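Some structures are shown below for you to check.
Next, two complexes with chain A in common: one pairs it with chain B, the other with chain C.
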Partner chain A sequence: MRQFLSLFWLSFLSLVFFSPSAASAADYHEQLVLRPLPQSALLASFNFRSNTTVSEFEKGNFRFFPRSLGQILQHAGTRELHLRFGLGRWDAESWGARPWDGAREGGTGVELWAWLEADTDEEADRKWLTLTNALSGLFCASLNFIDGTRTTRPVMSFQPEGDHATVSNLHLLYGVLPHEVVCTENLTPFLKLLPCKGKVGIATLLDGHKLFDASWQSMAIDIRPVCPADGECVLQIEQTIDMVLDIERSKRPRGNPIPRPPPGHELPCDTSKPYHSHDTCFPADHTANQDWSLSQIFGKPMKGTCPLTDPTVPPVCIHVPDTRSVFVSEGVRENKSASGASRCFEIPPSADFDMVLPRPSESDPAANQTPDSAIVPPETPLLYAERSFTGHGQERGGVQTILRNPSPDAAVEFIYMESLPWFMRIYLHTMEARVVAGAGGSAHARARPDESSSLIQQVFYRPAVDRARGTQLEVRMRVPPAATVFLTYDFEKSILRYTEYPPDANRGFDVAAAVITILDPDHPGPRSDQGSPAAGAGTSSSSSRGSGGGRRFAAYTLRTTTLLCSLPTPDFSMPYNVIIFTSTAIALAFGGVFNILVRRFVAADEGPEAGLAVLVGRLKGRLLRGAGQAVKGKS
Partner chain B sequence: MTIQQPLDKGAAAADLQNSAAVAAPAATTSNGLPLPARKEPPPEKPSDVRRRSYIILSFWLIVLCLGLPIWWKTTTIYRADLPLQEMLDWADGKACRPVFPLRISIQANALQEQEAQNLLRLTQHALDDLNDFSGHHLRLQLAPPAASENRDHDHDSVLTIRLLPGETTTASFDPHAPVLDITYPPNTLPSPTSSSSSLATYVAGQLRSTFAEEQATISYLLSTNSIPSEHRPQGLSPDVADSLSKRTTRSLKYAPTYHLTFSLFTSGPLPSSWDIEDAIHQYMKPVLDVLSPIHNFTIDTQVQLYATPGVQNQVLNKEDLSSFINAAEWPLSPSIGGAPTINFVVFAGNQTIAVPPTQDSADSSGTAPAPHSWLIPQWGTVYLLSLPSDTAHLSSEALKQPLLTFTSHLLSLTGMPQSGSLPLRLSTLARIRSADLLLRASSTLGSLARLALALPSISIPSSVADGVSKTMAHLRLACETLGRPEGLAHARVAEAEAERAFFEKSMVGQLYFPDEHKIAVYLPLLGPVAVPLVMGLLNELKAWRKRRREAAEVAQGKKKE
Partner chain C sequence: MDGTKVAPGRTAGLYAGAAVLRLAIFTLLPGLANLLTGRVEVSTPVTSFKRQGLFLYNRNVSPYDGGVYHQAPLFLPLFSLLPSFSSFPIFTYLLYIVVDLLSASALWRIADSGEAGSSALFTSPRREKRWSGFGIAALFLFNPFTVATCIGRSTSVFTTCAILHAIAKAVSGAPFGAMVALSFASYLSMYPLLLLPPLILLCYDRQCPERAINSGFRFAATCVATVAGVLAVLFQLSYFITGSWEFLPSTYGVQLTLSDLTPNVGLWWYFFIEMFDSFRSFFLAVFWLHLSSYVGGLTLRIRRQPLVVLTLLLGIFAIFKPYPSISDTSLFLAMVPLYRHVFPLMRYTFVIAAVILYAAFLGPAFYHLWIYAGSGNANFFYAITLVWGLGQSLLVCDLMFAVLRDEWEVERPEMVGKEIRQI
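Entry: the complex of A and B
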């Protein structure tokens, strides 16, 4: 009873305290969505969003919007910015569709694209340089290495998410650093941008050790202007962290981090198998016994909630079937959604929050029907993509991308974008798309030519210029239902100059991930290519993403993995070898010619005697003479 | 001349006979055993010998006349011509003698022309007696009475003295213009014949005390730079010098634009909003407007919750103040762009300062003693604001005291002198700043000259020479117009150019080409090529000397015969 009363008081007080700033409370919210995935994985999506009105932003009054970032945007004339830090590979085969429909993730490394306000291309390049240098300092990343060779201006793949009054003077620039290793030093500045600084709220769960230990993780910062139909335009910053944790791995205590095989009696075995006995074990499905608690997975419980956050948005949600029970800390209210597949928690502002998801009990009828019913089955993505190198040798190579449409009845139309380094010179005439009907891949029949030609609908290609810019290739394609398409092209590897090789050149050169933007069939965005991309986009707001701001023409975005291209690497002591070799050759030739010119040639018996015998004789003579003198001196 | 020699005589005997040097020296052994006789090559034709000499000579000529110059040309580092001596002169203060002729006009409408002239002469005399610093000279002039009717202040002069008849002798500054009102009882007027007057002495004393601080500051600036001692003022007492040095270290380097950042840090979740814009407009804007002829200001504000200070003590000691700012966590990064940032931090927490306000904090905050705030030299100010724990919003009234403190600290951070009326302080600030910039640019030039002298292998691109010549041109102009507004502008350009020349990027790259690399590159080629060349030359010289000796011997033998 007393607890109840104190709780009542707490909520009452919080109501009283926050009422003065209730009007501005909606300017910030944060939410953590947990989603158990098959194979003992757990997707945790952190989302932080804050708004500032454009007028306050221009006056330089920062409250929820971080000042350090705001200054950079003002200085570089940036109207919309997207920054991604990515690590690992999303296993689409078992984890299904990507979070946020892939809109909040980047390829491995760092990706940055922004719309800059500039009158000319040169001015845009200058501002881009300022922007990358400033962001590089802010996020402790090598973003300043995004130079002309790594910058492209995509034509079809990206469209602004925000509401821009004019788009004619906006320049889209896209840069990617696939080699960048994302690490803790990038997380710290990321957390500093949050209004509650990772001291309270869901951000307390973010810890570099756990985040960068994840199987896949992506940090995203999106800044865009949003103009609601009624009211002032706001500048919105959305910070997102998605990570897929391996539950077994995360539960390992910090003091004992080395994985060891569990003893035999602890192995989870499928006892239903006929051959199961004390010495045979068929491993049971991981998901069947997924049990964890928040503090186990993240190493600590969550500390209260950020007081600035919008009270109508529950801070923590979890996607598990309603049949499973979830235990939470005291004072937490649970709201189950109507769909029966998710529930959210309202958390008192100043109490630790923990959550335990126990193993489904044996008596639970739902859990016993199928092992997968313990979790919400993941959605099937619209497209599977894999990219790899083909060919061999140091001179030529090929790239093959396998695109598979799992849907039995709907074709998928998408834009495939590659930004390749200049030292991969692609042969565009070798680009070929061939379709293999059926997802199984057993029917390896080459498709009919007319079908094959209809796969590639449009190609935008900007060839590379050596040492000045990279290749940009955008292909609009269409994959028929239940078909697999192989997109291949060949390339030639060029030989770099001695100083252009990075340290550890034998590791190879990272090639950025290909970006695949699946077009929304209801909203054909850039079909009218060079026109205004945002025209007619105002009405469609993707409610599926759950974020109010922004709209998009893309239904789904995915990225392939990065590739490692090995170029012929020289021996790096080469310059000195060359110097010494040529010097020796020159010296030999010179010495020979010079001696021939200068020496006098006589017959062998005319010249002074030479050879080893003469030398030995002379030495002997000198020794003997010395001995004889010594003897003489004594006598 | 004998070619064959007795075999048993050995090598020693052969040496005695010069003519036998060609004969095989190895033909005998020390034990005297005879070896089979060797044939001698036929004598060389003199043309062959000559040709060999020509070959060797031409090789050496090519090496010396073609190789060396090409090598020299391709490996020298470009060093633009710098007027080194002139630059050092600037740094030593020999090129410019900073002189501030200040004109002060006197308006005495109530006086006769004659009387006024007399008073002026006496006052000037008294001033000259008081002044001991030749660089800073006050010159009085009489304002034309007609002009003084419609305008209060003449823009050529730094100060206008209005003499008004009154009951007693008083002096007061006009708060809005550089005008000093002096009232005087009629009996203090000097008679035309008298050589001294109490009014003149009084006026001179007032002027002297008004400009004392400026004089002290400028003379301090000159003394810290290497200005020859004859230009220096004499009596700069150690404690004045001490307080001046504190003040100069506290103030920021001059910049045309300063960026002001107002930050609210709170230790907990509240307060999370403030009326900073109103408060700045109300309490700080007037001063910023006054400073606008010298500096521009850009402003931004931020609110940061859950800020942990660097020191967690409840009561802060003097030592804690320096580490209070938590540089690792607080986002106080300087603004991007060229302008230096001044930080004003309001920290809402319950910490207090233990030390009573020391001399420093008392004189740095002119308006109020500062138990809540302290100034961090060249960085900004921290103000501790203790609030009831449930304050969610800071109104502009609550921010009044912090902002007034910030304003006064801003003045001392910009290096504003502390006495006198505001307009007068401003013009003084402009003069101090131009002197400061002038000296700084000169000393940068000196450093560049010394650098160029000290590192013979450093390259000096032409842009540096360009910057140096621009700097010197502007320095010269600034030196001529010191004390006037153009002086500040020229000094500003000179300083910027000097810095740009000194920090030229391409100068640094060449510096680190180590000598080992040169050896590694040159030795493999030059070693093997040089050996035959040198040996050839040595052999030829030996042969030439032998030929001469032989020729001499032959001549001698002929003579004997």
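Entry: the complex of A and C
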């Protein structure tokens, strides 16, 4: 009877808990999109997404949603969370537009922004502290160092991606740690959040040695509530890893990682040069269009597919022209997309998957035109941005951001946000924007101060408070078509207390990346549809954002690199010396004044004797007296 | 009582010369003006002429909600009334020149009153040997430190002007005016409040006989009440301008707690950079106590010559206040020539001059080595500020010695020129 009962309960429970999963099989999916880039680079975008309904989540049934993270969110009242770990620089000049339109990447270091449910600012701050400390433990990152000086409340830059019933009590907080070194200890907890834990499926390709050796990489976690029009709201977690690998570098065997020049006879020469002969060689750009295989690049083949994943989403896609041949393991089905620029692979659940992309053959007409024509040409980004310091010395300096709009006919409107440390005291009155016509920044620079006001449309500025709050600067700007805009401002470097310097004080202080959010010209406010992701491979990728892509008012997001600001340093070995020297100077002054004030003047030959002569006299007297007594005693 | 009468033409010539010199530097060497504005010796966080605060104020952002602006709120409407600096800088230049000339005229009046040589309670036997008001004003106006302060557009020139006017009013028997001027100075920079006791004594000694208040206590109470009243009005006005009391911690709090550690010519900044965190508040209290401890002692000991106390206190503040600059030194050096008659009694004039010149020339060089060249470290500039402080404290001590000896020689006329010692 008991057995029967337990069996009954079991079946009942399974009915309760597993029937919804049968109803919506697409609760988890994962996909890897590979995209060869010019200059022998390869962009690999890993995307993992899982859902849980909000009601289940509130009951504590997390299913595919990672429990550790879910409990933190519940405890800290977090409604939407975005966490980024970034490393390296995206070379927009050669690699083009960023993956996911820049929505899934962060600047160098760690970035975190979240919408917290709180009635007051103080309560939001408390919950933010809880959240950062908990995430710090979960991801082995120094997120607990996101304190008041590194937290800002962006006004214009970020908009919630999810569907929130009420936004009035949601507080957006943004924290950034540009100095944080992202490394393999952050990857391990990241993989643990996945339902298949990196044991099978595309996650098996993720290896710390390869990921953190990449030219650029970004790990992202996005959690947001999504309410489809016809169903229950779900809480969605999307984990994304984008990395740009240097194919040449990744192909180096692990046992022999040091690059060595190839011997003379293996050197590929450009035979078209007129001076080419048996003893002269102009090295050909042999790095373009290399042949590579998945197991070479990632160090191991992919192990099957995750059994929990949605079978309708192909796990691996590659973005190359249909004319190129791609060889895959046995049993893998290839689906070419209608656009002719991408293909996806359906992989049997338990087989190893490998893929070889051979060098395009000489007969291939595409390969003979330009070295890069064997790949899908990257899209041009909406805006190029680079930021640097100007000036010299450790007293003051300037920041210059060069923003270039490559489009010949469309203006770009965007929000430029910086959160600067408090010890960079910026002078807002020096901020100016000047436009240089011509996309290439041509020589005829026309500095027109009156134009500054039309370029800068709106400024939000929150000045820093020493040791309590950083500077927050948000500028809404508009760059005319085919123009380059220089945005500059000056700042002063303050000197800190010696305990406030890090151990490597002369290295300088990292300044977080500027976040540039390009506003969608068609939808200046939040909107419900979404653009096609830049790195997405055809249909599958847009479906990955389809149901839950969320609202985006940003057409494109990009971040500049971080900066290294060197501050004047005191001599760290001096505390005792300085205390002693200064105190001596003060004592000399005070003693001198006191001495003159309290003592009386007398002529040099008046008054009681003083000084050395008195001492000597006294000593003499005592000695003489002693001698006299001794004489007396004798007599 | 009056010094030598100076022809009006000479007066105008002196003022015109000083104004033309400044205007020429402003217009012919605008780079020098901007350089001086940025020099740590000229502008400190509490006096620097930077348009940041004004920029925010003109855009209805509170300049005190942040750590960049530390000056009194009444500067904001003053500077926003002037035509924009970027388009008409000449008006700003003229304002600074006029303030300098006003300071010089106040100094002239102090010199002409003869208070330095013969006060109400004491008349120096050497008082005949003195410089005219013209000479003293010229020394002030053409002192390179004064010129640099004016060119650097440090707001401390307003404090200097207010202090000099307070003293000038006091010696001319206008206690109310003196107290109002001192309130303005205290409102702008806080530390002049410490000058109140000797200034009250000076006013008391120099009252007009027909309107004199004989009770010292009543007189002091009236003066303190005046200062408190004027300060209250100024604070209330600031509150109306900025809309909150936020300016109090930003302007006076930063002087009390030294939260901004930008290098300057004083002794505080490096001490508190290197100070251990647990002792910071203790030493802040000690430094402020030390600064204010001179007031009582000097006022009591040199009761017969309150102007000397004021001069010596200005010298001490130029060394030991939290954010000193060369402008404070220029104010002290402006007062020192009033004591021409005791110069022969000073013992270390050559050493003092040498040390001050040495520090004045090496200071900028060492700062450059530290911040720009990177071939020296912070200790270079720190060492030179120590020398600068020691040189000035030597001058203060020596002047005090000379004045006291002068007093003593009235009692002992036979000791003139003899060797003496202190017991």
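Here, the second predicted complex is superposed on the first by the 514 of 635 C-alpha atoms of A that agree within 3 Å, B and C clash if a C-alpha of one lies under 4 Å from a C-alpha of the other, contacts with A are read in each partner's own complex, and residues count from 1 in each chain.
Note that in this section contacts are C-beta pairs under 8 Å (C-beta built on N, C-alpha and C of every residue); 3 or more make two chains touch, one makes a residue touch a chain.
All figures in this text were calculated on a predicted structure; none of them were measured in a lab.
Applying the stated contact rule after C-alpha superposition, one finds that A:590 touches each of chain B and chain C. Shared-chain residue A:122: touches no atom of chain B or chain C. Within the superposed three-chain model, A:618 lies in touch with chain B and out of touch with chain C [touch as defined at top].
In the superposition on chain A, A:579 contacts both chain B and chain C.
Applying the stated contact rule after C-alpha superposition, one finds that A:395 touches chain C and leaves chain B untouched. When the two structures are aligned on the shared chain, A:608 is found in touch with chain B and with chain C. Of the two partner chains, both chain B and chain C are touched by A:600. Look at A:200: by the touch rule set out above, it reaches chain B but stays clear of chain C. Looking at the shared chain after the overlay, A:63 reaches chain B, while chain C stays out of its contact range. In the three-chain superposition model, chain A touches both chain B and chain C at residues 579, 582, 586, 588, 590, 594-595, 597-598, 600, 602-603, 607-608. Contact residues on chain C toward chain A in their complex (touch as defined above): 38, 40, 50-52, 54-56, 61, 65-68, 259-263, 267, 269-277, 290, 293-294, 297-298, 301, 316, 319-320, 370-372, 374, 377-379, 382, 386, 389-390, 393-394, 396-397, 400-401, 404-405, 408, 412, 415, 418-423.
Residues 24-26, 29-31, 38-41, 44, 48, 52, 55-56, 59, 261, 269-270, 272-273, 276-277, 298-307, 329, 331, 333, 335-337, 390, 392-393, 520-521, 524-525, 527-529, 531-533, 536, 539-540 of chain B are the ones that touch chain A when the two sit in their complex.
Chain A meets chain B in the complex at residues 17-18, 20-21, 24, 59-63, 66-68, 70-72, 75, 130, 134, 138, 192, 195-197, 199-200, 306-308, 576, 579-580, 582-584, 586-588, 590-591, 594-595, 597-598, 600, 602-603, 605-609, 614, 617-618, 621-622, 624-625, 628.
Listing the residues of chain A that touch chain C in their complex gives 392-396, 422, 425, 427-429, 461-467, 494-499, 568-571, 574-575, 578-579, 581-582, 585-586, 588-590, 592-604, 607-608, 610.
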